[in-house]
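Heads up, there are several structures right after this.
In the two complexes that follow, subunit A is the common piece, with subunit B as its partner first and subunit C second.
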Partner chain A sequence: MSQTLWQFHGGLKLPGHKALSNREPSIPAAIPERLFLPLQQHIGIASRPTVKIGEKVLKGQLIASAEGYVSVPVHASTSGTVIDIGDYPVAHPSDVDARCIVIEPDGDDVWVERRVPAQCDLLGPKAVNDMIRDAGIVGLGGAGFPSHVKVNEGVENVVDTLIINGAECEPYITCDDRLIRERADEVIAGASLISRTVQAKRCIVAVEDDMRDAYAALEKVLIGDIELAKVPAIYPAGGEKQLIFTLTGKEVPCGRLPIHIGIVMHNVATAAAVYRVVHYGEPLVSRYVTVTGSVVSPRNMQVLLGTPVGDLVDQCGRPDGPPKKVIMGGPMMGIPVQDERVPVIKTTNCILVTDALERGPQMPCIRCGDCVDVCPVNLLPQQLYWYARAQDFDTAQDLHLFDCIDCGCCAQVCPSNIPLVQYFFFAKSEIAAEEEARGSADRARGAYESRTARLAKDEAERARHLQQGDIGESRAKNDRGQKKAYIQAAIERTKAKRATAREREGSPKDNATVGPDRKSTPESNE
Partner chain B sequence: MTSSMPGFAPDSEPHSVSSIMRQVLYALVPGIALYVWFFGFGIVINCLLATSVALVSEGIMLRLRKRPVTPFLTDGSAVVTAVLLALAMPPYAPWWVTSIAAIFAIVIAKHLYGGLGYNPFNPAMAGYALVLISFPAEMTTWPLPHMLSEMRPGFIDSAMIIFADQPTGALKLDALTGATPLAHVKSELGNMRMVSEAVGAPIFGMLGGKGWEWLSLGYLLGGVWLLYKKIIKWQIPVSMLAGLFIMAVVFYLSDPEIYLSPVFHLFSGATMLGAFFIATDPVTAATTPLGRIIFGAGIGILTYVIRAWAAYPDGLAFAVLLMNAAAPTIDHYTQPRILGEGRQ
Partner chain C sequence: MTVISALLVVGSLALASALLMGYAAARFQRERLSLVDKIDALLPQTQCGQCSYPGCRPYAEAIARGDADINQCPPGGALTIGALAELLGRDAKPLDPGRGTSKLKQVAFIDEALCIGCFKCILACPVDAILGAPKQMHTVVSSECTGCELCVEPCPVDCIDMRVVDQGMSNWRWPRPQDAPRMGL
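Our next item is the complex of A and B:
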């Protein structure tokens, strides 16, 4: 199939290291001694426990319910007993604990009663959407945005193209590759189901051009007018805005969402999960995870959510010699895991065991501009760095700080070994904290007046924005309004991420651990 | 750092600050070799002298500023500054002039602004400009190529000239030195002569001055290698040479008896050294892709303006410093359109 493809700016051709883990079929990982299920495995509001300590639960049973629209429930990944609801280590850039439900499995892995609708092929959009939400499905590509919100947007708006994203672009990660090869029929059926639900005019399933077997597997089970596409393996080809541009030549306007240009995108694993819930009544309790790097036998595993990463490393053969770094995610965007009890969650695509990622000492930026050449958003990372470091956050925002997708290309090519993404993360967190502080000051001042009224209005406004995904919905044609709303939305996302951190620390700021560690840099006394 | 995002160790050796600086020095080798061939060993001594002074200054400043000495002393940036400074200066400039320039470059132009990465002005050009203004006599004594002076001072002779202000034995300093081609034309034009008369002097070669034209070719070769190795980007050298060339074409066509030929401009003075090695200093240049083009073109145009109508025969150093001052503004107004910007 010949297709016109567009080439996004920048990006990197990286050594893939895919063959390390994608040759063996996936196997189910063993049921661990303890499952740690964080209440927040998605972007949005953390869910609320519906079980008590000591309660027996079955596999697939609801254990925490969604809190609000941008939230999803959590289900028990196997049968057993709830032994604690408390704070445990999770993968987080700031290395903090978060609230988890701990289950001691009974080893029987008994399912709760699964309800399958009688005519699951004829379900209306509302019914499908409810099922997706109740199954706790979120974007499994790594973002973790609640899938029902995106599907709902698609239902409420005209959808030109539905893209099912199998362009697994980060090195080492092959979980989508294996999932497609082993469950191509589920991916295609899920794609078809979502396509029908959002009434998409076109549906494209995209993989990278180096995923030949996955492409062939999809080709075999292709149904209807679903199209297949191969995109060049240039990191980050699988980034949402990058893939949309590659396939359609359309750019998602800054501060807006794909739906505004009539596009909905879901990950291949998400599509398969949607199929599983509609046809088998299975909520999201497990996922494909690549365990790779220097483990003895790298491979993909079907892992129960909540399984500690250390168990997976053991099952794939812990490497000899001194302990190596364990990274959740890939080498470009992953988070180092400090405690091997950290659990696999809905967004965990890879466990990378390695010690080959060390960079040399950090030097000052010499403004060489290599980062500009590789930025897939066409940002000026060196300028962003300059202003983030100077804590001139206004200028950093003028330079589109919040359009950065954290892909890490800039840091990858930096001759001065500057961890640029970390500085950007620091700046975003600081801005979020500032906004938060400003918000509470406003509230205090308004306490005498229309406090309740305004809060309610704010909340409604926010909910409406999020619900419709229309961040600039005020129809404010002027840029400032749109930009502000967009930043607000980005801040909301950051806030949500930080919520877990704050909860435990009890301090309003956790930036001390978030910010780049200045003591270890040669420019420390600046 | 404990909570760092992982970096990804690529299979190929990545650039580092020190590897960039090292390759810049390698790229200067053809130019320096030709310099020695045509003008004797003065340049080597000057390079060594400037480097020693620069490294000592760098070490002292790092110590005073309580910075780690080893990583910064070995990053190569002070050596590159010193060598570029030495290449810009007359090779028989007295030792104290070179030393003052090197000290000014490192202490004032670099470290007082915050050290590597923070200096707004090209340190080598700042040092050069200081001594050019302060010691005009010493800074305008240039050697003749060996074919014209019939002498090629050796290492000892060169050292004697630099450190004791006189060559040994039978050598006479006056016999070794003369005007550079650009300076010669400027003074001849000042004497109401025509360009065609001026370029009839024996110091002129095929493209530029005898000897100097070969140096320019040497720098060009090194510059092309830097482009090939992706150490520098094409925008600044290309736009600078284009800016100078177009200015020269326009005025040459308007009156070839008053204005030198475009080719002569390209292969004379510091044009090639400036285009590939000086204007491309990333720290002090504009940093956006379009900004680099404006920055380079500005240097080319200003160089021409100073050469054609100002008091100095070559104006590259001043052109670079002026554009350094403009770089932040250029960057501000040349931000690229990001993905999705301006789309509805």
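Our next item is the complex of A and C:
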């Protein structure tokens, strides 16, 4: 199929290392001893647990519900018992633990009752959208944006083109490639379903030109007027804005979304997941994950969400020698995993075991401009670096810091090994924190001002009443006396409570300096 | 004659543009912030009173009048002092140690088992961040609490603690990368 393709600025031709993992068919990964399901596996508001510790759950059962529009529910990935809801390690640059529901599988993998609508092909947009939301589907390409929001925006706006993104551009990752080869019919059916739901005029399924088998598999099952496209394998060809430009020649304006120019994009795995929920009633409980790098037998696996990363490495054969780095995601944008209990979540596409990514020592910027040549967003990384480093965040924002897609091309080519993307992450997070602080200061100022105004009004009211003799001075005094007595009695009670508590703890030490005795006479000012 | 007509032309041009500019100034008037507003915008709005004024705005007014120095705000610390110095064209100076020290962000926490519902902390809170009613248990709306500590002292049963805000995923910040070493000349 020949069609006009546009070439975005910059990008890199990287060694793919795809053949390592894409030759073998995928296999289901073993059910682990424990599943750790984070409440936040998506962009937006974290979901809220609906199960209690000790409760038995079935595969596909709702265990945490969505909290708001930009949020999705979480389902149990297998049958078993909820043994804890607490903070556990997750893949996040901060290494901060996050709230997870921990399930101990019973090994039977029994499904909850799956409801399939009678006429799946005739469902209206609202029904499809609700099913996508209730199945907890998010963008499986890596961003993790709730899919129902995107579909809903598509329903409410005119959609010119729906793009199903199979351009898996980051080196080593082949989970979409294998998924397409093994489930091309589901991808195409999902694409057609989403296309019908958002009433797209065109629907394009795009893969990279080095994914020949995947392309052939799609070609075989193509239906309706869905188009196929091969895009050049230049990293980051699969980036949302890059792929849109490659296929349509349209650029998404700064700070806008693809829907604003009539385009909706979903990942191939998302399309397949949408198909599975509508036709089989299956919520999102597992996904394809590439386990690759220096493991003994790199391959793709169908992994239950919540499976610890270490289990997958073991199943693919842990490499000999000293422990290697484990990265969740690809070599360009992945997050190093410090703890092997870190679970696979909805957005996990790859587990890369390697130690080949170390860079040399960092040196000063020599202003060679290589980073400018490769930036796929036409930014000036070396300028952004200077301003981020000097903490001149206003200028960094003027240079469109927030249009940076964190692809890492600039850092990859930097001859001085400057961790440019880390500087951009730092600047973005400082700006966000500053805005947050300004927001809460503004709220505090507002609260303080309204309180001051209210007190002034109360005082005026009081003065007026006193003048009119509504409240006699003696009555006010009497009130005050009663109040004093009441507070004194309450203090005595609390003292007694504290004393008994201390006795129970069995610590005779008397911390009088912080005890209640410090303020024995309460002032009676009001 | 030429001189007169030249004067007339130039004069009427001047008049016309003056009228135009006058109109534009009135029509497109930008909201002007007073000095007090500008100073107030730089203060952290904790309303803690450690500066010896009853709130951030009164302190801003005092600075604007010239009654107060710019180094009296412990929650703002060096950052606020620097910003004030820049705004007012003065030299930055260290925080007045008599006012207190800069600390990590804290919020008040009421031990609800001990609270007797006396209402005193609610009266003390400058930003209405404590919820409750007389003889009912009180609680702090921690997202609104500025950490001013004004509620701690009035509590007759000493059931209010100041707690450092936890580092969670939501308020975690990327560390600044280590800069490259400077090369000697």
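The definition used in the following text is that the second predicted complex is superposed on the first by the 447 of 526 C-alpha atoms of A that agree within 3 Å, B and C clash if a C-alpha of one lies under 4 Å from a C-alpha of the other, contacts with A are read in each partner's own complex, and residues count from 1 in each chain.
Convention: a contact is a pair of C-beta atoms (placed from the backbone, for glycine too) under 8 Å apart; a residue touches a chain by one contact, two chains touch by 3 or more.
What you are looking at is a predicted structure, and each value in this text was computed from that prediction instead of being measured.
*Asks:* Just subunit B (first), just subunit C (second), both, or neither: which does A:Ile345 touch?
*Replies:* neither
*Asks:* Under the stated touch criterion, which partner chain does A:Ala273 make contact with: subunit B (first), subunit C (second), both, or neither?
*Replies:* So A:Ala273 meets neither subunit B nor subunit C here.
*Asks:* Which partner chains sit in contact with A:Glu430 here, subunit B, subunit C, both or neither? Use first/second/both/neither.
*Replies:* Touch partner of A:Glu430: subunit C, not subunit B.
*Asks:* Per the contact definition in the header, classify A:Met363: touching subunit B only (first), subunit C only (second), both, or neither.
*Replies:* A:Met363: touches subunit B and subunit C.
*Asks:* Answer with first, second, both or neither: which of subunit B and subunit C does A:Met301 touch in the superposed model?
*Replies:* A:Met301 sits against neither subunit B nor subunit C.
*Asks:* Would you sort A:Val159 into first (subunit B), second (subunit C), both or neither based on which partner it touches?
*Replies:* neither
*Asks:* What's your read, subunit B or subunit C touching more residues of subunit A?
*Replies:* Of subunit B and subunit C, B contacts more residues of subunit A.
*Asks:* For A:Ala98, select first, second, both or neither according to whether it touches subunit B, subunit C, the two together, or no partner.
*Replies:* second
*Asks:* Per the contact definition in the header, classify A:Gln422: touching subunit B only (first), subunit C only (second), both, or neither.
*Replies:* Both subunit B and subunit C are touched by A:Gln422.
*Asks:* For subunit A, what residues appear in both contact lists, the one with subunit B and the one with subunit C?
*Replies:* 93-94, 363-365, 416, 419, 422, 425, 514, 516, 522-523, 526
*Asks:* Of all residues in subunit C, which touch subunit A in the complex?
*Replies:* Counting only subunit C, the residues touching subunit A are 40, 44-47, 55-57, 113-114, 116, 118, 120, 123, 126-129, 143-144, 146, 153-159, 167-169, 171-180, 182-183.
*Asks:* Which residues of subunit A touch subunit B in the complex?
*Replies:* Those residues of subunit A that touch subunit B are 8-9, 14-15, 93-95, 171, 241-242, 245, 251-254, 256, 261, 325, 327, 331-336, 338, 356-361, 363-370, 372-373, 376-380, 382-383, 399-400, 403, 408, 411-413, 415-417, 419, 421-422, 425, 513-514, 516-517, 520, 522-523, 525-526.
*Asks:* Subunit A touches which residues of subunit B in the complex?
*Replies:* 1-11, 14-17, 19-20, 65-68, 71-72, 75, 77, 114-118, 233, 282-283, 285, 287-289, 292, 331, 335-344
*Asks:* Which of the residues in subunit A come into contact with subunit C in the complex?
*Replies:* Spelled out, the residues of subunit A in touch with subunit C are 40, 92-94, 96, 98, 362-365, 389, 416, 418-419, 422-423, 425-426, 428-430, 433, 436, 440-445, 447-452, 487, 490-491, 493-494, 497-498, 514-516, 518-519, 522-523, 526.
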